[in-house]
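Both complexes shown next keep chain A, but they swap its partner, so chain B is in the first and chain C is in the second.
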Partner chain A sequence: MSTLTTPVTTSPEARPVPPEGSAWSRWANAHRKWLFAAPAMTFVAVLIVIPVVWTGYLSLTDAEGSVRAESEFIGFQNYLDVLRDTDRFWPAVWRTVAFTGVVLLVEVVLGMAIALLLWRPFRGERWVRVAILLPLVATPVAVGMMWRLIFDPNIGMANQMLGWFGIGPQPWLAGQHSALPTTMFIDIWQWTPMVVLILLAGLTSLSDEPQEAALIDGASTWQRFRHVTLPLLMPTVIVAILLRGIDALKTFDILYATKGRGGGSFHEVETLNVYAYGLSFDYNDYGVSSTVLIIFFLIIIGVMWALTYRKKGLER
Partner chain B sequence: MRPSRPYRVFRGVALAVVVVGLIAPLLWMIAASFKTNVDIYDTAKTFSFSPTVDNYANVLQRANYVQYIGNSLWVAFAATVLSLVLGVPAAYSMSRFNMRRSALVVLMARVIPGVSLLVPWYYVFSNLRMVGGFTVLILSHMFVSLPLIVYIMMGYFDGLPTELEEAALVDGLTHIGAFRRITMPLSVPGIATAGILSFIFSWNNFMFALVLSGADTKTLPVAIFDFVGYASIDWGGLMAAATVVTLPIMVIALFVQKYVVSGLTAGATKG
Partner chain C sequence: MGLSACGGGDGGDSGSTTLRVTLVNHVWTENIKAALPEFEKQSGLKVEVTQLGEDQLSDQYNVKLNAGSSDIDVMMYRPLQEGKLFAKNKYLADLTDRAKSDSAFEFGDFQAAPVQATTYEDKVVGIPIITEQEVLYYRKDLLEKSGFSAPPKTLDELKAQAAKVEADNPGVAGFVARTGKAAAVTQFSSFLYSFGGDFVDANGKASVNTEQAKQAYAYYGGLLRDHGPENISTDMSWSEAMAIFTQGKAAFYTEANSLYKNATDPAKSKVADTVGFAAFPAGPAGSKPYNIPSWALGVNDASENKDNAWKFIQWAAGKEQSLAQQKAGVPGARASVWANPEATSTYPKDLAEATTVSTANGVGHDRPLVVKVAEAREIVGQPIVDAITGKDSAASADAANEAFQKFLDDESK
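After this line comes the complex of A and B, so read on.
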């Protein structure tokens, strides 16, 4: 008696069928990789890559005045001029580096502390999370205006509060030397929550086992943080530094909102981004502004490359 | 591991300080927006003042803010929808076919300083007589939205198992059919995250509108500067304007808090 040992499906629905449809549909499916990616890539190429290449070209010309004016190719003359400019360019570089360095350091340390406080669940957690989200999504220009009132030397809340402790009024944003630190404070207020959220996501994804093992081995709270939590969290810390660093280098909105054009009358808060904006749209000095932008761009790429390199080293 | 009692007390106090530090300035802004300028200049009336809505009447009627709110909404909405249409399929392709170099080109846009694009854009669009129109404003905001959406959606698709798509192919769907009927419905949370974040960033964007918007297409962050004069500042009006700009986006963000947080932390814990 012969029996079928293997079940054979006879229903036509269950069998793989070749894709049907028109020639267009077959072509579209075969080329879906580029069909899907091409519109976005075209947009990026036309609106981003070409302008960047153009900026590179403009930096080699003496274009200024009107966008329609004739310009001449002058080679690397702009670069020589800019790199020798100790009046506006180098102070702007210094301010950019100082601004980014200080806000990154404070935001990461403060962000880490707050993230560790929020790590384990507790009552009222929801309200803390709301408070952390609000500065993050607030419009930076409006935030700048808000702090402008708080830091106003005559009517601001900041000096009023100092008065309660018997401390004299400070110039804050109006002072030639206090303006940049004050803008750093504003940036720290708005963006520390971003670091908190990123680090908290990292902490939540860590497994409990190394912690428990360290606890059994008698490690103190600090030892557990220093030798267990921090090394495991390091890749996330670098992501936070990377994301915040890019934005901190390019800070524009709060500087423009608090000090206006050119970073104030003495260029107190003129970073590279503010300087390049001023050269382009206040002075219409397109050649020099493009040169500053290309140098700025190279600095950003360099910093990013170094950080990514460091992160890869940690993951190995 | 239940924390010890002293630690819990310390944590409570520390977090209270954090919450007050983050919220108080915002409340201060809102309080000032309900004061007359005379009261703002009087430090005795810091906490006790008779509230007035004159500043808001001023902002919404005289300063034309109703129109600017409409402009901001339209630009953010259009830039987000167009970026989703371009970005979601592109992110899918880049994730499934491992197009890391193409992805890098798109993501470079997050790194490039916006000013370096503004000069060429201004040049081209002023020759086309498009500066001051909505089209160029929406395109410029897509420069922020598209890379953001591609970044978030690539991470999302990377984490989406391919088995369901493969099953759909076996059942006779085409590749594009499987993307449309299986992957897209599964991606709704990711698309919501990307869309919400793109809307927030576009609403808050200042620099592009500063250069490219005209009197009729001004967005809210640019319109704030109407209250900053050369000689004096209308503080009450300025604070009301700042509140009108930023309060709606904060309220929206609270309602969709989960999505905002997952978008902001996308890619933070892997790769």
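After this line comes the complex of A and C, so read on.
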């Protein structure tokens, strides 16, 4: 597997390096940056580059039924079909964007608020921190199943609790229009702690001096947050947005565990990921599925590029 | 591993003594697992069972068989769901010679309809092990309370009884059934046939917008909308619908008979002692429930252990095991077993009767017979969920028919 072992073919006696060095060691010396990076590069090539290239190739064919079956090269036909599909594709894009946008905004704002609360030491702080981080360690599928039970329209706890306040039962995940917001809520419940964790790490690394200086200058709590803490913390916030944003774009487990295949009977929560999964595992349309995935891949790269670009700008 | 003595009898020369079998979560699987030591002792093989849920099983096959993997030997699959696709992709080994040359196995004993579903281009590619018919599950106590002495014989009566029971018992729905777009299609099919419709007509054209089909959609969706559970979800498969019924929250439920243990087992069901079964109620075209082979055993074409794989099938689908399975509540496909009164002696009496009626006038498919079944189910299932949510189901049926015809045209290309 590893490229490192190949050079051993040269005679072992050559190993102890003479002043000028053997041919091998001279070569190795000249190319050491490639040599040392080789294992990692092999790994990336085998596990990332090859699959992506293969997916790219499949997206240009009409492969269906089985990837081993014969398929025809059809150029960019799949791309044209997919980009013209206003029935499933564009709604899925819209849902992916809406889902990511909403959960990201809420998670960062909420995460910031909680991180600020936990920033200064207080009694029982450790317990509170552990409690807040609990959702993070739960398996998303288990989380999905749990909330599915809680939100069951007939026997779920959520409707029972609403009943105590005289509010009628809500459809939650079962409703055609309430399903997506409900899954957003679940995502926020599960992933806000991660944002808290990142921001808290950023906050504790900030030096106290600017804060004290601002305090002496008579800045209010809000002013200190707005003009001192936030600007200093901004690189960390961007990291949190970057990590969580990419994750949110790719959300699959929670959606699949709560609504099943196709994101529900009306595709209520069908994001690009769920759509591509359905195309390959339910419809066996590997060509079209690959096309959707490649487009999705490009979207993610675009978002990542935009965010890292912004981050560099801030750090400058 | 135990002492795997090498005297495997005839033909024990090829393949590994470890046999890898992939099965679905089902009562059948539990029974076969309990009986496995007997087979292992008799054959000298070691059987490794991988057990998965329906959807996971499908995904597993899609990944492994697509890759040409040889680490599945025997595979349990759904002839009507994946059979055509798998056979077309050459995932399933040709079992014709093995099945037909084996006199003890007696392949001729299998019912014709199931065998047809496991045959592809005149080749036997699977052995049917479980058959299913749709029946009506109902609550005896609730019917009695509302003054009904017998379960409904017709779909009109079903509607009337569901309405009355619902009115008499606040918090209890009159009727429940699957509501998920794809999941509901199979259970809806009996309604469709009983109204005189089918998914495809005699000329192979899409026919889900005929007058009969439109009536069936409106009836099924309307019954769930008017007399189903409050805030009804449109994602229910059998497990969710069954849960509502077994929690005592519904009076009537139409479902496959092979799942009856879920309703009659006191450990799983709150209504175990009051559940009754009846034949599928008659519509304008009579009572026409589906009667289908739901699961079969096949051999992975890439397996390097085909001889031993066949030995397993020989045993698991053999007469002895088939009888044992049927006695344990899993209806099979062997005619000789059905003819044996002992086989259904353990069934609730009304269920055995309902099943007999269904096998007599049943229809051999419960979904469109195409290669890409999952996609077809979503198309013909759309009017069901539209009817449940109160949309114009007739217009939806017209749209579905157009989409389905296009789908059929694409597939026949």
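By definition in this document, the second predicted complex is superposed on the first by the 277 of 316 C-alpha atoms of A that agree within 3 Å, B and C clash if a C-alpha of one lies under 4 Å from a C-alpha of the other, contacts with A are read in each partner's own complex, and residues count from 1 in each chain.
Convention: a contact is a pair of C-beta atoms (placed from the backbone, for glycine too) under 8 Å apart; a residue touches a chain by one contact, two chains touch by 3 or more.
As the structure is a prediction and not an experimental result, all values here were calculated from the model.
In this superposed model built on chain A, chain B and chain C take up the same space, so to speak, and clash. Once the two complexes are overlaid on the shared chain, A:174 sits against chain C while remaining clear of chain B. In the overlay built on the shared chain, the residue A:290 is in contact with chain B alone; chain C does not reach it. For chain A, the partner with contacts to more residues, out of chain B and chain C, is B.
In the superposed model, A:91 makes contact with neither chain B nor chain C.
In the superposed model, A:210 lies in contact with neither chain B nor chain C. Shared-chain residue A:281: touches chain B and chain C both. Once chain A of one complex is fitted onto chain A of the other, the partner contacts of A:39 are limited to chain B, with no touch recorded for chain C. Comparing which residues of chain A touch chain B with which touch chain C, the overlap comprises 67-68, 154-155, 260, 280-281.
Residues of chain A touching chain B in their complex: 13, 16-17, 19, 21, 25, 28-29, 32-37, 39-41, 43-44, 47-52, 54-55, 58, 67-68, 113-114, 117-118, 120, 122, 127-143, 145-147, 149-150, 154-155, 157, 160, 189, 193-194, 197-198, 200-202, 205, 211-212, 215, 236, 239-240, 243, 246, 250, 252-253, 256-257, 260, 273, 276-277, 280-281, 286, 289-290, 293-294, 296-297, 300-301, 304. On the chain B side of its complex with chain A, the touching residues are 1, 3, 8, 11, 14-15, 18-19, 21-23, 25-26, 28-29, 32, 40-41, 43, 46, 85-87, 89-90, 92-94, 96-97, 99, 102, 105-106, 108-123, 126-127, 139, 142-143, 146, 150, 169-176, 179, 200, 203-204, 206-207, 210-211, 220-221, 224, 228, 235, 238-239, 241-243, 245-246, 249-250, 253-254, 257, 260-261, 264-265, 267-269. Interface of chain C with chain A (complex): residues 55, 58-59, 62, 65-66, 68, 85, 88-89, 91, 179-182, 229-235, 237, 244, 247, 249, 371-372, 374-375, 378, 381, 385, 389.
Contacts from chain A toward chain C in the complex involve residues 65-69, 153-155, 169-171, 173-176, 259-262, 264-266, 280-284.
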